[in-house]
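What follows is a structure written as structure tokens; I'll ask about it next.
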Amino acid sequence: MSEIRLLRDAVAQLIHDGDIVAFEGFTHLIPFAAAHEVIRQGITDLTLVRMTPDVIYDQLIGAGLVKKLVFSWGGNPGVGSLHRFRDAVENGWPRPLEIDEHSHAGMANRYVAGASGLPFAVLRGYRGTDLVERTNTVSTIACPFTGEELAAVAALNPDVTVIHAQQADRDGNVQLWGLTGVQKEAALAAKRVLVTVEEIVDRLTLRPGGVVLPSWVVTAVAEVPGGAHPSYATGYSIRDNDFYQAWDRISRDRQTFTGWVDDHILRTEEASAR
Amino acid sequence: MSDWTNDELMTVSAARALSAARTCFVGIGLPSTAANLARRTSRPDLVLIYESGALGSKPTRLPLSIGDGELAETADAVVSVPEMFNYWLQGGRIDVGFLGAAQLDRHANINTTVVDRGPGRPEGRLPGAGGAPEIAANCGEVLIVLRHSTRNFVDRLDFTTSVGHGAGNGDRRRLGLRGRGPVAVITDLGILRPAPDTAELVLTDLHPGVTVEQARAATGWPLKTADAVGVTAPPTDAELAALRGLKAA
Amino acid sequence: MSEIRLLRDAVAQLIHDGDIVAFEGFTHLIPFAAAHEVIRQGITDLTLVRMTPDVIYDQLIGAGLVKKLVFSWGGNPGVGSLHRFRDAVENGWPRPLEIDEHSHAGMANRYVAGASGLPFAVLRGYRGTDLVERTNTVSTIACPFTGEELAAVAALNPDVTVIHAQQADRDGNVQLWGLTGVQKEAALAAKRVLVTVEEIVDRLTLRPGGVVLPSWVVTAVAEVPGGAHPSYATGYSIRDNDFYQAWDRISRDRQTFTGWVDDHILRTEEASAR
Amino acid sequence: MSDWTNDELMTVSAARALSAARTCFVGIGLPSTAANLARRTSRPDLVLIYESGALGSKPTRLPLSIGDGELAETADAVVSVPEMFNYWLQGGRIDVGFLGAAQLDRHANINTTVVDRGPGRPEGRLPGAGGAPEIAANCGEVLIVLRHSTRNFVDRLDFTTSVGHGAGNGDRRRLGLRGRGPVAVITDLGILRPAPDTAELVLTDLHPGVTVEQARAATGWPLKTADAVGVTAPPTDAELAALRGLKAA
């Protein structure tokens, strides 16, 4: 059964140096507050997994905490490049970044395999592309009935998956709704699951499109209102598109980025007490 | 007729190319603008599908990202991302996939991963594959929209992210790719389409006032032209008004 | 886009002699009315696919319309045997019945593969059982990453899938809710899809747990209130457990069964006009 | 103490066997009765999972089928059947699977498919596998409930539908089955458990008043007994009241 904890304590207890961690949320419900807590605690040498690294991983990469990135689309959605990601890949700043690169369909199926207790998944993908030459987690497999050759991708089973949801009840049952992305699969594929929520309510009311994670598959819940900002939580906030656009300028320069992290993450102790 | 730009005609032409589509898998940027324009002009019933999980979105303004809240709120249904890729895209249910590119070669293969910046310099990093390889593989057909320049239209891709027609005609079948692949590349200069026999892109249409020489100069391979190169119809007032309305919203 | 039709016309146009047909609905929302229309029209030589044949297939089998059954659990749920199914398998009455028999997990994954445009699916199943010796749609496959051997099952792609749902709108978009079983997969795996609904409404309101099938993946919709009886439609009816218990007596004897079909299906022309 | 039957003690014993379980995959019939009884007695927080897609059902009366409406209406969440089997069962998330059987052998392998009715007669048809093979394979452990008779407890299965301990200890590992397999077979005469070294079922407990000879006579193989055979505690008044209340509702 999940326990309701302070974000600071939950991050300290669930995420460790060297872990494989997936912070998921497809544009919606991205768990920024939890990532900022990781930066404050300086948890490092992480292998980060995420379909769309987005600004959340640009921040973790720029902060020097990331050894390896497993992903499928590394841009600032609707804006352009992720400058910290590029700087790490192209110039090794602040440290070299190993990458394992896939397509969205491949990543989604890697999580599906992980959630399903299977070592791999099968899809129609990757054929004819150069992606297969740069990863050892894509292979081919022949259909035993038709002989047709298909792609196989290795399962993803993170040490920890972190997601943000709208609500949990006092027993730690969680509900998210709106665009629910790949969060159920990412959570069920992981050894430990941390969920930050907009609010804790007495009783969950099932919503149209709602995805429920029962308490017994969640390790810890932390109440962090606004914990997805600058991403958003349907029913609670809207996407801060201005921030995403501003990030292009903030992140372009190493010093500006470092100053922003100092001012907006490291020197916000009160946030960490939530 | 109002003044208009070639960029506007590119988007209008892309919207027109959806005239027979029922369902369209939409990437953000130019494809999203074109698909939303089609819904406001010739294809009001066009079903827009975003990889974030929204089936049948009817956004009132252009989304900045494929995850904007309005895409889910106006959708007929929202599904998980694995379901979107497995049941809807890979299931062969989407008529048209709409892609952009950083580099495109003569067989409409696409690179969005890395660019070679020359000896001694590290590869330039692009965002990567996203949904494109499987959109290119599994949609009924593919439309590509991008600005015409030798930087984008290259003789040889630095990396193949998504397969158009591979090394030429028959290659898709050989690779087991089930959709027809790219049927048009719509640029700010005109339209290129694969030749039926070789699947090599040839110039079939020019926007008004653009010359074949301009198109050739903006293409990194010796661009062939169709026997008769057509001229794109300029945007109608209704198309322009709809496009500008979308952008202003 | 789906068309709204009379049940009689939809069945005549979509289902043909010799077709592979899946009438799905896991205990809930079983499309009995459509099956009765198949009996009235005498559409025959069918290969029927369904996880739980239930009373609906007992009726079709007893009526002599079924050549082959693809299934995973052939009982009368909570009651006992399906007598017409047993009589066909054991004694060939009214005709021999070929069977392709699986586990639930295998059948569910066969539909998933069909819906996903894949020729097969992978699961942890069948190992050590005798099921594999009686079917040619189960095989083994080795993980290309770990070498582990797993089960592979062949995709199911019915010619027609028939389901019952609570509502459709006037454009033919469909919504079902409650226990939604394997209906989405069965529908998306099929070449043609027929949906009977409790009612046609002006506009669908998304429900908690609701599954929507957009009009463009549905071939035809027919309004058939009560079309799942003796199964049920959450929000409209409850399961007629008494009928399921009565079926044990009705179906045990060939003549009693035939009389029941005459009285309750064949001589109900008015139902057929819906 | 009230009067009670051995059938009632069988169900009560099965409910007691859930005392350490958090989650239970429930088949209809005796398993459902036992699991619902556990929720009303020792395990009020027991999470009931039905293969029809209901996670965390809290039915107020015994469902006739695994698809009764109340299972969904009282559930924490309803998922699709493929998701249930793939993410929840195969994902290794369920502590205890509860199975019945038509035939059971000494290694707790199960037949629910066909029975041999002798030369010249067609096989007798049983319902088939349903969810059982993968419940037996993938739950943390398995409980089996069935009435004790030589018809059910056979020397040799006519068909192996679901694997218990295969040919003996180590066989599950060899087959790649990840759960521990059957840990107890609860009957109307007593309880059988696999011996640690051979995984052969031995009689470990008898219901009050039942003799070893009775159990042996009802078993189709030479039944071994544990060094010390225990006696099941009779149903408490609370257990009996809860069980009878359930059956009457």
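Chains: A, B, C and D, in written order; residue numbering restarts at 1 for each.
By definition in this document, contacts are C-beta pairs under 8 Å (C-beta built on N, C-alpha and C of every residue); 3 or more make two chains touch, one makes a residue touch a chain.
These numbers were taken from a predicted model, which means no experiment stands behind them.
Undergrad: Listed by label, which chains are in contact with chain A and with chain D?
TA: Both chain A and chain D are touched by C, going by the contact rule given at the top.
Undergrad: Report the chain pair from B-C, C-D or A-B that duplicates the A-D interface, where duplication means over half of the contact pairs agree by residue number.
TA: B-C
Undergrad: How far is the middle of chain A from the middle of chain B, if each middle is the mean of its Cα atoms, in Å?
TA: Comparing mean C-alpha positions, chain B is 28 Å from chain A.
Undergrad: Taking the mean of the CA coordinates per chain, how far is chain B from chain C in Å?
TA: Comparing mean C-alpha positions, chain C is 40 Å from chain B.
Undergrad: Please tell me the distance, in whole Å, between the geometric centres of chain B and chain D computed from their C-alpha atoms.
TA: 57
Undergrad: Indicate the residues of chain C shared as contacts by at least two other chains.
TA: 112, 117-118, 123-124, 148, 150, 184-185, 206, 209
Undergrad: Which residues belonging to chain D are in contact with no fewer than two other chains?
TA: In chain D, 86, 90, 138, 178 touch at least two other chains.
Undergrad: What's the complete list of touching chain pairs for this entry?
TA: So the chains that touch one another pair up as A-B, A-C, A-D, B-C, C-D.
Undergrad: Give the list of chain C residues in touch with chain B in this complex.
TA: Touch residues, chain C against chain B: 1, 112, 115-118, 173, 184-185, 188, 206, 212, 214, 216-217.
Undergrad: Across the complex, what residues on chain B touch chain C?
TA: These residues of chain B touch chain C: 22-23, 47, 55-56, 76-77, 86-87, 90-93, 138, 178.
Undergrad: Show me the residue ranges of chain C that touch chain D in the complex, using the header's touch definition.
TA: Chain C residues touching chain D: 26-28, 51-52, 71-75, 77-79, 81-82, 85-86, 89-91, 101-105, 108-109, 111-112, 123-131, 148-150, 178-182, 184-185, 209, 211, 231-232, 234, 238-239, 241, 244.
Undergrad: Under the touch definition given earlier, write down the residues of chain D that touch chain C in their complex.
TA: 28-29, 51-54, 63-69, 71-73, 78, 80-82, 85-86, 89-90, 113, 122-125, 127-134, 137-138, 159-163, 166, 171, 175-178
Undergrad: Which bits of chain A are touching chain C when the two form their complex?
TA: 117-124, 137, 139-141, 143-146, 148, 150, 152, 154, 206-210
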